[in-house]
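Inspection log for the structure reproduced underneath, given as structure tokens.
Each chain gets a letter, A, B and C, in the order it is written, and its residues are counted from 1.
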Amino acid sequence: MSQFPEGVPRLESYSTIRAWRERLGRYRLRGSKCRVCGALWFPSRMGMVCPQCLQLDQEDYECARTGVVVVHELEVMGYPAMGYGELAPRHICMIRLDDGVHILSEVTDAREERVGPGTRVRMVFRKHKREETGNWMYGYKFVIEGQ
Amino acid sequence: MHNSTPGRRTVLLGSAVSPPERSVLGVGYREYLTRVTTEALLVSGLGLADVEIGAISYNERNVPEGALAPVVCDALGLVPRPFISISQACAGGGVCADIISAYIESGRYRIGIVLGLNKPDNFDFRDAMGPIGNWTDVDYMLGFTHENYGYLRSEAYKQQYGYDDRVAARWARQCHWYARRNPLALYSQGPLPTEEELLSSTPAGYRARTATGRNLASCLVLASEDVAEELGREPLFFTVGYAHRPCYIGNHYYYTGHPLYREADMSRQPALALAARDAFERARITVDDIDLAQVHDLSSYDGMMALEAMGVVAPGQGGRFVLEGQTAIDGACPTNTDGGAIAFGHSSAGGDFASKVHENFLQLTGRAGERQVPSARTAVAQAYGTHHSLDVVSVLRRQDT
Amino acid sequence: MDTGILSYGVYIPRHRVAVKDIWQVWQNVTPDIFDRMSLCERAVLLPDEDTITLAVAAAQQALERSALQASEVDALILGTCTNPYDTKASVTVIGDALGLPGNAISFDLQFGTKSGTAALLAGTALVESGFARHALVIAADTLCRHTPPGVQMEYSASAAAVAFLLGKANVAVRLEGFACYNQDLSDYFRLAGDRYIRLGGGWLGYISNWGLLECLVPAARALFAKLDADGNAYDAVCLHHPNGLAPMMVAGQLGLDLLCVMPYVFTPQVGNTGSASALLGLAHFLDYAEPGQRVLVGSYGYGAGADCLSFATTDLVVANQGFRDLVSEQMEKKTMLDYASSLKSEFKLMRPPDLLTNYL
């Protein structure tokens, strides 16, 4: 912000409360599991309905932390998502975790490595873009397994 | 003109889309919508006083006004009439049209308008659009937008069926061919891009094979079939079907909530198949009746996946269909005769649905000029919202002979 | 003391910059200094890394290498002088990321670059007193991000994290004793709100080791007196190494065998890892240690003070070996970055503060 003390109004800001509420999904891949039919869900459907059996009985479930890339994009389109410009180009991947859950994530620490369908990856904890309050935000990313 | 008879079918009386402009910064959205509404009513032979109900499709994060219906209703001088606002991304126009159709078919109203608005200069465009229709906690907030979804979907399709970018280049070139014959298209002029340009593996090449954004306002005028009769117009029967798919892209894999989705991955569009099935059934057509199609090609591969999901071609055959030239004007199914999202322009909630219906209207009324598909009687228009979290299919057809 | 180390974990960032690349831009020292100070490469943080992410990675490894569940950890302490947060706690982020119970005793702790050993001593006290069954203590620093461009410390300032799981039963390494030495001495500091670390003395020469020698030497002498030992009693000596020369100067004053000191100086590979520095040496020693060995750890922190800790390995030390990602392996696995990219990556290039579009 400039040296002038007048505040710059922002019409829309995500609340830090939302980031707090969802943090264990970001930090620990916490999804949910249907107590009735056993279906696994990520993102968590806690308090929501299981689409498989239409019952309302979810429990917390932590997804597998390793998996395999099924679809890959090296994002070179020239307009990275806001707050992710320092890392461009990013490896954006659809990952099938070892428990069968599919997750969209970024494979980081792989500037020189080949990433593509079949690459084994494991979850790591990294810093993401800032919350709109200016606070740091953390969450999952992936790195090549064994790296 | 109140109280039509229940069971009457919905017809499209007229439509209008705004001229191609990359930016309309000097015009507010109220004026922008007013222009197309008056034009569409003129085409329909009606006036504002005849409008009984309206609906508008917009992207909630493109306007600061949280509830758009009262604002637009007021701008058009339609107060106190009923008005509905729908924020359901690029395919929201289809949902609006379905609601208005249902009102008309129920007999409650006879004439309604469906507006679409894409004029994203109130907020930073890409950021505002990023979270639309996503499960934002774990995608948008972690730096992924539906544009990433789109790229991955294309990759999944190529991977699944062994296609490379030659099919995309061919698709894009065909779209440009049509666009050069459509004065409303963003790329209505200039030389056709070469296959080489369209095949380039550079970001510029990628962009050439994917949609180009444009501002757009649209208006469809829907009415009960007896209104067309009173006006002495040939009725064009209009039907919409739509279906949803999970918001989170990971749940596009083997989603167990519906049998059709169980074996699907990103390269198959089961919601689109359901929407098409519904629309075709209610319009009493089969896929063989389709004379031409407008599909939502945010990337060329999206267009092929759409043709497959609607049943125009078998799964995996979309690419071959394109290479054989079957989407050309003399092909088995002329496709995206307006130029599609790639060359007509991608206008999200403003017209990704309505502009396709507008093109079908021009085609079925013989007003499509150099790109006219001869003796077209049945045309379909398809649009999806963000990443097929919403799929819409509409059918426009002339009277059975 | 019954308390000791059950398991440990280490994280060294993958990306490195060569000091020569930095020197090409600044040429602010005579390049022969890199040989004399054993400086060659240092770690660079990617934009998605900071003290917290390093700490989580090291702590995760320590937990994975132990038989303990996260729910059995009653205390969590982060020792760092490069905390991403002032005012707010960082340790809560780490606790949630690791899945530790919310009622674990948790705090951030700061004493310059000896925050790690301070955390280790605090954790030991909690376990020894019975306040906690097990304590997870983390030493993590990211000096590289907090060192201004164009100063000599830029050649060495680096980042790493080391975590230890402490307990009373089944310890692999027992803490025999410790001694501290502290005094008010402003060699390196940041005032509240400062972006970069400032220097009180100098970056080079004797003066740059001013605080280190003034504190670490008396702390070590105090420990020797306590334990009735001398430098020759140790199989390994892991000293704080802001550069390659400083630990040798300490060793000289204490009359230590340089061959016990040199293997635990990592400035050529990763530079000065701050609070992790001396403990990185301990982790490396433990990767290959045998039962019945003794190791001396001497940390130093700005401001200034030193902790000296004497450890003895037990028969269980070998149970902690044979894992992947040993210290030496993490040193080897690297991706080099050029200097311009490392400046961008560590947020040292001026940028507009308002992020209004995707175009940064």
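One rule holds for everything that comes next: a residue touches a chain if its C-beta (ideal position, glycine included) is under 8 Å from a C-beta of that chain, and two chains touch if they have at least 3 such contacts.
Here the structure is a predicted model, which means the values were calculated and not measured.
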- Message: As a test of understanding: of all chains, whose mean C-alpha position lies farthest from that of chain B?
- Response: C
- Item | Innermost chain by mean C-alpha position | A
- Note on the structure: When centres are defined as mean Cα positions, the distance from chain A to chain B in whole Å is 30
- Geometric centre distance via CA averages, chain C-chain B, whole Å: 58
- Interchain centroid distance [CA atoms averaged], chain A/chain C, Å: 30
- Query: Touching two or more other chains, which residues of chain C qualify?
  - Reply: 357-358
- Counting only residues that touch at least 2 other chains, which ones in chain A make the list? 79-83, 128
- Residue numbers in chain B touching two or more further chains are 126-127
- Query: Which of the residues in chain B come into contact with chain A in the complex?
  - Reply: 61, 64, 123, 126-127, 130, 135, 137-145, 147-149, 151-152, 155-156, 159, 203, 206-207, 246, 248-258, 266
- Message: Under the definition above, what is the set of chain A residues touching chain C in their complex?
- Response: 1, 8, 23-24, 27-28, 62, 79-83, 85-87, 108-109, 111-112, 124-128, 136, 138, 141, 146-147
- Message: Under the definition above, what is the set of chain C residues touching chain A in their complex?
- Response: 14-15, 46-50, 52-53, 56-57, 60, 84-85, 93, 96-97, 99, 324, 333, 335, 344-345, 347, 353-355, 357-360
- For the complex, which residues does chain A have touching chain B? 11-12, 14, 18-19, 22, 25-26, 39, 41-43, 51-52, 70-73, 75-84, 90, 92, 94, 96, 100-106, 117, 128-129, 137, 139-140
